[in-house]
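Listed after this line are the structures, all set down as structure tokens.
Here come two complexes built around chain A, the first alongside chain B, the second alongside chain C.
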Partner chain A sequence: MTSNKLLSVSSLKKSFGGLQAVNVDSLEFSENEITSLIGPNGAGKTTFFDLLTKFQNPDQGNIFFEGENVTSFQSYKLARLGMTRTFQLTRVFEKMSVLENMQFSGSSVKNESISRSLIKGKSLNNFEKELEIEVDKILELLNLSHMKYSYARELSGGQKKLLELGRALIRKPKLLLLDEPLAGVNPKLAEEILDIIKNLSIEGINIIMVEHNINAVMKISERVVVMAEGKIIADGEPEAIRNNENVIEAYLGKVNE
Partner chain B sequence: MKDYKRYIIAVSLLTVSFLYIFTSNETGVARIFVNLLTFAGIYGLAAIGINVHFGWTGLLNFGHAAFMGIGAYTTILLIPHALGREGVVIETGLPLPLAVIIGMLAAALLGLILGLPTLRLRGDYLAIVTIAAAEIFRLLIRDFEDITGGVYGVIQFSEALQSLRPNFITNLATSIEVSSSQLWVGVITWILIIFTLLFLNRLQKSPWGRALRAVREDEDAVRALGKNAVWLKLQSFMLGASIGGLSGILLAFNYGTLQVSTFVPVLTFYLWAALILGGVGSLAGPALGAVIFWVIISGTDSLAEIFFENANGQQLAGVRFVFVGLLIMFTMIFTPSGILGKKEELLLDIK
Partner chain C sequence: MIEQLGNGLLLGLIVAIASVSLSLLYGVTRIVNFAHGEIIALGAVLTLFFSSSPESSFLYLDRFSPLGSSFIVSSIASILLCGLFGALLELCLFRPLRKNNYGNVAVLVITIGLSIFLRHIFLLFASAKPASYALDLQKREDYFGIQLTPRNVQVLIIGSVVMILVGLFLTYTKTGRAMRAVRDSSELASVSGINSDYIITLTWIFSSMLAGFTGIIQGVINNVRWNMGFLILLLIFAGSILGGIGTSFGAMFGGFIIGMLVQLSVGLSFMDGHTEAKNAIALALMILILLIRPQGIFGSKERIS
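Take a look at the complex of A and B:
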């Protein structure tokens, strides 16, 4: 089976011991959409992301990215194809400066080769300078310019989320997978992040986002996919999801057995 | 602690310890110094290799002796040599520079072989595998006596290096009454350290060096950003291994004979001691740490007399390592990142 959708999965399964963490029959994501993935704690959302990005191997099933079967790809290969993720628990390089975090992410694998680093030495600085212009733009966008030379561990929790987002952006991804970008972020900053995400989408970056903040999800998403106990229990436009019985049940618990 | 303060501490430590050696030895001070600085240089170079592994990339290598050993054996067996105790005498061989390069490549190859299966796994696997591999290597060298000389070692290979010794070194050695061959090895060692540090300085500041630091911190994040963390770790592992190989070659020339007993596990742990004293992650730290380590090793004879009258070899060795241990403890308490290390660099995040 192939598909010309951006990303699609078929009978994707992952279990931990007896626990079926992910069990998705078939799911497709099309271009130019913000899709939100919601569901109760432990529903399997992060695990699903891990499978899509190959941070974990599925027990079975296939993953297609731009029509290509990428199930057997390693995570870094997928990232090179244009699929970039962030982590639920922020993972910035704490002992590197904000600038270095960004430069590392943005620099090409070619310039990072040991032979090129040795031979070219200082002349690589030109690439780095160009990169830095790019970095400055993104830091400006994320309100992080004043922290450019600080160690990443000096950032607040919310700022680390922003840095992680920035680090993903500088890679100019086709598909951005965001795992709870608003968690632990104050309402004003959350608004700003939402605006940024919206703009990215307008610029043509496809976004799949896991988020517990329902209001934000409803406001920004074109499509909402609901997961519970590893399965997709609902999938549709925000309005339809809001009134879906199954969803209400999954979130609020069963009213009667 | 500010950087310049670290250098002040380093310089004063060195001054005090050199003065101590000067005052505590009435005769043969020059000989003691040349011996100390040569060994310290060789250990320092080896520790620089571990620093690339651990300080730059977070890789735990407890088998450095094997990289030193394979470098030494490969090179020495490729140049004219004789196997110890009635073994074969081989009078032809490769030119020394070529043999050295092959020796370093052999060390890198061993790094590749050990790294390929383990660097995909968690950091502790590499630690275990390197310890085991170092012992396996040593036992193989011991048992393949026909090729390696076994426990009788390899001899008569020094000429390849000593024939290149310039006259002024010989004259200098004669005038200060030290061994001219050791002085020559010492000079070459410190020249190689300077070259290695220049080379590493270039790499550390490059995008490649930055990528290694990223790997050291969080491999998963590195992967998520499209970088091949395993390959980066392998490269670092091979680079550090080949530096280890080079130091092993120098060690063989310094002893003048190649003995399998040189490459025992404790050698690796001396190197770690030097690295921790000098400062994990800092460029010159390992070399400084090695000098301090060797000052203790050579300077404790007179200190030992405080504890024993006419201390014998065993008692001396004991006292030495009490001092090494104490110094490591004090370093850990007062400047846990080592004398030249940065505080940010220390935290032992192991890949």
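Take a look at the complex of A and C:
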């Protein structure tokens, strides 16, 4: 089975002991969409991300990325194909400077061989200069310019989130999976982050995000997928989801009615 | 004390290079490798094997000298073989362990077992008596008030150049950067497109080659023993911890300080006739420094958030 969709999965299953953590029959994501994945805690959202990015191997099922069966690919190969993710607990390279973090994301894929790394050609030097100009622009956008030469571990939690998105901005993956981009972030910063996510989408990066801030989800998403107990229980436009009886019962609660 | 300065520089250099290799390996693989000392000894023993004179009683085997027994050629061959050995350890032992999610403690115990195993393999093929390379004896001369043989000076220069090259490699090359990335967060590295298995294998090779190099210079300065790596292992751990675990420059610095202190303490008057206890003062100082700076001299406090 191939598909011209960006990403599709079929009968994807993963269980831990007796618990069926993920059991998704079929799900497709098309291009140019911001899709949100919501659901109660323990619904299997992060596990689903882990399966897609191969931090865990599925018990069965297939994953297709741009029509290619990538079920057996390791994380780094998927990253090279243009599918990358963030983590619930924000991760940056703590022992590198902000600049290095950005440079790393901008160039790591292009050359890894030792010989090429030892002998820097002229084109590589030019590439790095252009890269730094690009980095400066993005850091300006993220309000991180003053931290350019600081170690990433010196950043606050919110700044790390911004740097994480900055890494995505410079990397320009085809598909970016965001795991709770707004967790533990103040309302003002949350607004900024939402703007950046929108920007990413405009730049042609497809986004699937797990998020609990339901107002943000409804505001930004073009499509909302709801998971509960490992299964997809609803899938559609934000408005339809907001009024879906199953979703209200399983996740949203009566307050949002 | 001043007469020990030359020896202090030499031991400091040895411990510094070895600490960098141990600390890099720990940083990237999270393995506390007790067998690192044996890789150091392997470098020294192989060089002796390739280059020693036929009368040498160190190896029961007949001298193996397809390389014409040149010391330099033998050293290079040994360093390359140490790299190969590191690669084999990763591919045949540590990678399968990692894929099966063995705990850190289990792996630690395995490296202790490996260390004992390798050490006794050396003992099996060599006598327990120390041996020396077939290099001509040199007298100590005075260099700016420091007593060293010309060969010691060469070792100091070559060793320092190697350390600088290692520093440049880690800081400026893509591969060095990838090693630091995996050391920092292997998950983030892999979603950035880095094949961490490949980088870990390279780290094993690189670290083992450095360890082998350390063993060779240790053999040049002192002599070659079957348990030479084990004897110096504690100092290497001390150096890495003192500098700050997982920081290369810290390990370099910490290792140098530890080696220097150990040798200088030999010169203290109350140590007269008790040189066997020379490690005591250096390690006591290490504990003292760590009480004041738990993260090591160059380690940094992590933000907890």
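We take it that the second predicted complex is superposed on the first by the 240 of 257 C-alpha atoms of A that agree within 3 Å, B and C clash if a C-alpha of one lies under 4 Å from a C-alpha of the other, contacts with A are read in each partner's own complex, and residues count from 1 in each chain.
Going forward, a residue touches a chain if its C-beta (ideal position, glycine included) is under 8 Å from a C-beta of that chain, and two chains touch if they have at least 3 such contacts.
All values reported here derive from a predicted model rather than from experimental measurement.
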Clash or fit (per the criteria above) of chain B with chain C on chain A: clash
First, second, both or neither for A:N186, with chain B first and chain C second: neither
Which of chain B and chain C A:N126 touches, first, second, both or neither: neither
Chain B versus chain C as contact partner of A:E154, first or second or both or neither: second
First, second, both or neither for A:F104, with chain B first and chain C second: both
First, second, both or neither for A:N246, with chain B first and chain C second: neither
First (chain B), second (chain C), both or neither touched by A:S11: neither
Chain B versus chain C as contact partner of A:N199, first or second or both or neither: neither
Shared chain A surface residues [contacts with chain B and with chain C]: 53, 55, 74-76, 79-80, 84-85, 87, 91-96, 100, 104-105, 107, 109, 111-112, 114, 116-118, 151, 167, 171
Residue numbers on chain A that touch chain B, as the complex places them: 53, 55, 74-76, 79-80, 84-87, 91-96, 100, 103-105, 107, 109, 111-114, 116-118, 121, 124, 128, 151, 167-168, 171
Complex interface listing, chain B residues touching chain A: 199, 202-203, 206-211, 213-214, 217-218, 220-229, 235, 239, 344-345
Footprint of chain C on chain A - complex, ascending: 53, 55, 74-77, 79-80, 84-85, 87, 91-96, 100, 104-105, 107-109, 111-112, 114, 116-118, 151, 153-154, 156-157, 167, 171
Chain A-touching residues of chain C, taken from the complex the two chains share: 173-178, 180-181, 183-185, 187-196, 198, 202, 246-247, 300, 302-303, 305
